[in-house]
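Multiple structures are listed underneath, in structure tokens.
What follows is a pair of complexes built around subunit A, which joins subunit B in one and subunit C in the other.
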Partner chain A sequence: MNRSLRPLLATTLIFLFAYLLAVTQQPAMLSTRVLGNFLTDNAFLGIAAVGMTFVILSGGIDLSVGAVIGFTTVLVAVLIMWLHLHPLIAFAIALIVATAFGAVMGAAIHYLKVPSFIVTLAGMFLARGGASVLSPDSIGIEHSFFTAVQKSYILLPGGGRLTVVGMIMLAVFAVAILLAHRTRFGSNVYALGGSETSAALMGVPVARTTISIYALSSFLAGLAGVVFSLYTSAGYSLNALGVELDAIAAVVIGGTLLTGGYGFVAGTFIGVMLQGLVQTYIVFDGTLSSWWTKIVVGVLLFMFILLQRLVFRAAPRRT
Partner chain B sequence: MTRPTVDLRPTGQPPLPRPRPLAQFFTRPQVIALAAVLLVNWALFPGFFTITWQDGRFFGSLIDVLNRGAPVAILAIGMTMVIATKGVDLSVGAVMAISGAVAATLVTNGVSAPIAVLAALGAGLLCGLWNGILVTLLDIQPIIATLVLMVAGRGLAQLITEGTIVTFSDPVLIFIGTGSFLGLPMPVVIAALLMIAATLIVRRTALGLLIEAVGVNRSAARFAGLRAGTLLLIVYTFAGFCAAIAGLIVAGDIRGADANNAGLWLELDAILAVVIGGTSLMGGRFSIPMAVLGALIIQSMNTGILISGFSPEFNLVVKSAVIIVILVLQSPLSARLFRRLPGAQK
Partner chain C sequence: MTDTKPVLEARGIVKIFGQHRALDTVDFTANAGEVHALLGENGAGKSTLIKILTGAYQPEAGELLLDGQPIHLRDPLHGQTYGIGTVYQEVNLLPNRSVSENLFLGRQPTRFGMVDHKRIDALARDLLSRYGLDVDVRAELSEYSVAVQQIVAIARAVELSGKVLVLDEPTASLDRNEVQRLFDVVRGLKAKGLAIIFITHFLDQVFELADRVTILRNGRKVATQALDTLNTTDVVRMMLGKDVAFDHHPTALTGGPKGAVRVAFKGLSRKGLSPFDLAVHEGEVVGVAGLLGSGRTEVARLMFGVDPSDGGQITVDGQPVSIRNPAQAVAAGFGFCPEDRKLDGIFGDLSVRENIIIALQAKLGWLKALNRDDQVELAGRYAEALDIRAADHDMPVKLLSGGNQQKVILARWLAIDPSFLILDEPTRGIDVGAHAEIVRTINRLREEGLALFVISSELDEVVAYSNRIVVMRDREMVAELDGDAIASDAIVQAIAGTATEARP
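Let's turn to the complex of A and B:
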């Protein structure tokens, strides 16, 4: 067994174990209905977490994703409801804006040599502020396209529904796995995360890769915003508050090393599902309050960081 | 300010003439920035500098800036030390919520106020110690180590308050948030005392130098015989302590503990204040008074935006613009540009 797959395996086992435990307590949780809702409810988080995975793999961090999601929902709502554009055109504009925003952040990180977290912090303020300047109030979106998308789904055996939103997330994960493990860009990201100096010496185009990583992260955050607006039919500047933390937690729980250069996109998927499981279990239980979600996610985060330390501290001695 | 610094210039060159400290203070970019922001506020609102004496205390926009800025200033004092060690503490906002929750819950359950305050401060110390242990013993990057408490901390605070906003009418706690001492609001007095005490402790002892040493190069500091781990523990514990004080002030101000909103996003304001104060995120040199000044600049901007009639949301855009300007000024790129300008040579 490849040693590098161990954290991924651990995450998967813990997810399966937690799911089994949840099912023994709440037998109703074992149904495709619940699984379908898992995908729908966490679609925006999953898509944003994919972008975060690339950023963290490259050794950086992106605190702006929640704000970009919020900004995109407002922009989409404004374009559709005030300018009467077709939703697809609004989506395209929003995604272009988000991508450009990320590219600028990436350029700032590379050329100004500032830590990524402070640049993306500024980006977070800017996106949240920009969203509330566009519209401080929540804008409801009413459009036949939205209702059509919300009503279409694939019926799974057992009565579960795979919604469009859920399918978008699965597609994003599939493409991202290929991008990370089968393309030159993916290898460049891993190389950058291992060591920027060595990567530059090996001929990795550091500037281009850095800019692409943050552009990709913001593009996916924008896509998550589109999904969020489809999911809630509203644009609001305070949408998706704190999602960046959930996304980081999902990536870490998924076994990606925070120092960069090591991890799997597939792990992030399990990280997102594990968070969804905690939330669903708490909803099913009914007696536990929602604040337990935060505590459990915090504990999981801590456990996985600890696990990473143990696995990787022992590594150099063994090899 | 007297501070021990290592002179890295070649020994052959004559030492730079020592500037007069007062003139140096007033030409600092932070002081000029604060003055500029205050003047803009004055232009927008002519009564800005008016301070009146009423009911045994001062009133006025300027006092209001100090009062509203106090929690962030207190956070910034702790954050400065953490950032000086090349770390960052993202959990301070959550720790504020925990501290407020502890104090409010104890007081409503009949515990006397001084004990509740001590317990809240103790909770803050424990939270800080936890962060410190993660950073030192487990050797986790600070941003991630403190992220754990940032995520879980609000949950813990809600666990303590059982999900409700615990309101109280205890005079001692309310005094911490809204009382006054010598005519000044209590939060301002607390922030000022904390700033003076912290500055004296780090600058009149070797502690400040040691913290800078750890921030510049942790392994080198350890090889030089410093107990880097113990220092980091102290620094993170102190940051937790500062957050607990800020949490008490915020809780006293609204006469209740709101686990969801107390100190929300204040960690970012505190980091911004420290960065405005000229402390580098790369560790090393730091200045506590300058960080407090940074907090005041942020608050003056907030107040200015409010009195000029813009929506408060506009704040965020202005803040991000300020961060961007600072980043560009601090970057190696602009340092190169400045060096090319004639007359900029040392």
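Let's turn to the complex of A and C:
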């Protein structure tokens, strides 16, 4: 079996096992209602984590994700409430701004040869600071479009609701899976993660690919911000604090190697769901502190890094 | 050679780095259907010439002609579009992707905008079968041996370029069978009319594979000649500009061990290695001959405590010592220059000085730090004694040539005033000139009374410096040759027998 599949398989098994365990404790968790909420509650994290997957696959990291989400919620709120633009136009503007922001970070990483860690750290401060300058206070969004979107959903058998934001996340994952595994861009992303020198010698357009990767990550962070504003009906500069770290955790738990080159977008989905499962269980239980989520995620993360070490060290050789 | 149509031609190439003329009006011609070897010592300009031929560098003067038409190459990718492909020693492919993706990256066939994996796999299987390679093309490249990766790299380069193939030290990390496999592939391509430029420092491989040879020395072309008019001595003489046949010190080496027993190993063993007894005397070099995989390196690692032994005793100057790890070995006065210099030997980013004093500092412990003056003095003394050529002892050691790096490691161990030195392949990957110097250094150390244990796959070399030779086969010491019995033929016979491993 392809060895990069092993961590993904492990994540899937752990998720199924954990879900089973949760259901034996809280039988009510086995319902489409809970599953529907899973998708809705984790939509923004999932979308951001997809972008992070591409970044990590290419051997980089994007620390600006949470800040871009926060910035986007504020920008959307400002455009709708202060400038009275239609939400769809506001979304489009916010997404263009976010994408351009990512492209600039990607260009800085490639042309200035600065590690992505540093560039996106600067991006994080810029976006967070920019959001506070736009509006230090939370701006509530009231618009008929928002209410309409929030009220529309597909009823699942068993009473669960697949909301619009849930559907957006599923669509993002579906497109991203095709993008990663079935397009030349996807191959180039993996190539960069494998070896940038080799990739360049093999004709991979390194500059274009790097810029596209960070533009994609910021575009998806912007989309996550749009989803977040739909989810909370508000724009606030301190929204989504630390979400970049949750996204990184989801990516790694999903079986992507932190040093790049190996991993799957589908794994990230399970990584996000696993985090959501822990959260939901804690809500159902009612007695546990919500910080237990962080502890469980920490333990899982550590386990997966260990697992990857083992899988990739014991590399089998054929002759 | 009936077909001598020049494919790639370089005329009057000049390349200058700073004050230094790396190439001085060099001409070079690669013909269709020939293997053209490019030889030269490190610094002779062969890698500079290759980089100009492939487009990685642009020359200050001179011109490149492809099929008689002048061309200007911006970079290797641009060179590729003209039909000039390169395969490097460290395979420049993607270890994390499948074999078929490595072959088709950048030109994957698509259907409705999506990459068609089935078609790529079929094409890849078809392509590799023409190279006699039947592998699972969907498996990751890193799962295969370097030889297979090398062939995949050649297949990709030929697919993309198809006129000129540059092979830059392709055999450096292959064993004998793999080299043959690679050579078969190269011969096949030659028959198809490709011009192949072959760079290596294995002279026997040049004679085996190449039709013509161009020799560079100090940035100038010495000669381009057909190989059937030359012998090894001619080639070496042209490369070095002087005669450097190894000194076979017959007088110094006869008469057996000189001094008292310095180190004795009794029944030393480890899983997968037969127990062995060996005594090394003062002023004696014990050479080790054997094929790759015969257990040579394992013995060295066992002696130095890199791998702890399962049983047996070690005595130094008659006193029993326990060596379970390298620190104990250093305390006992042992030094070890490992086979893989870059990986296990040098600290590439540290300076020459720091690399030299590091073992001594480790032996002293961290409380007794050597002050800077002592460090400079020590580094200077050993750099001079071993003729380490570095512009400055504060420059990173990775910038030095292989031969000088090896001498830095030697200096490191000499600084602790060792009683016993283990050298594993001290001349591997070192150009011919530095080669002879390392051999001379070994001879000198022996004369100074050091006990040495030297592993080498170069038979002539072992013969040149050993008082005694231990032959290893199948993880066992099978023979010991002494005095007049030391000769290449005798070693070959001892190694033969049931041996099936390949010689590196």
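Just so we're on the same page, the second predicted complex is superposed on the first by the 312 of 319 C-alpha atoms of A that agree within 3 Å, B and C clash if a C-alpha of one lies under 4 Å from a C-alpha of the other, contacts with A are read in each partner's own complex, and residues count from 1 in each chain.
In the analysis below, a residue touches a chain if its C-beta (ideal position, glycine included) is under 8 Å from a C-beta of that chain, and two chains touch if they have at least 3 such contacts.
Since the structure is predicted, the reported quantities are computational estimates derived from the model, not experimental observations.
Of the two partner chains placed around the shared chain by superposition, subunit C is the only one that A:S195 touches, whereas subunit B remains out of contact. In the superposed pair of complexes, A:S144 makes contact with neither subunit B nor subunit C. Within the superposed three-chain model, A:L126 lies in touch with subunit B and out of touch with subunit C [touch as defined at top]. Shared-chain residue A:G298: touches subunit B; no touch with subunit C.
With both structures placed on the common chain, the touch criterion links A:L306 to subunit B but leaves subunit C unconnected. In the superposition on chain A, A:V252 makes contact with subunit B only, while subunit C stays out of contact range.
Of the two partner chains, subunit B is the only one touched by A:Y111; subunit C is not. Contacts of A:T287 after superposition: neither subunit B nor subunit C is touched.
Once the two complexes are overlaid on chain A, none of the subunit A residues touched by subunit B in the first is touched by subunit C in the second.
Touching subunit A in their complex are the following residues of subunit C: 76-77, 80, 92-97, 101-102, 105-106, 108, 110, 113-115, 117, 135-136, 139-140, 142-145, 148, 156. Residues 61, 108, 111-115, 117-119, 121-126, 128-130, 132-133, 136, 237, 245, 248-249, 252, 258-259, 289-295, 297-299, 301-302, 305-306, 309 of subunit A touch subunit B in their complex.
Against subunit C, the residues of subunit A that register as touching in their complex are 2-4, 178, 182-184, 186-188, 190-191, 193-195, 197-199, 201-204, 261-262, 315-319.
Residues 88, 134, 138-141, 143-145, 147-156, 158-159, 162-163, 259, 268, 271-272, 275, 281-282, 311, 313-321, 323-324, 327-328, 330-333 of subunit B are the ones that touch subunit A when the two sit in their complex.
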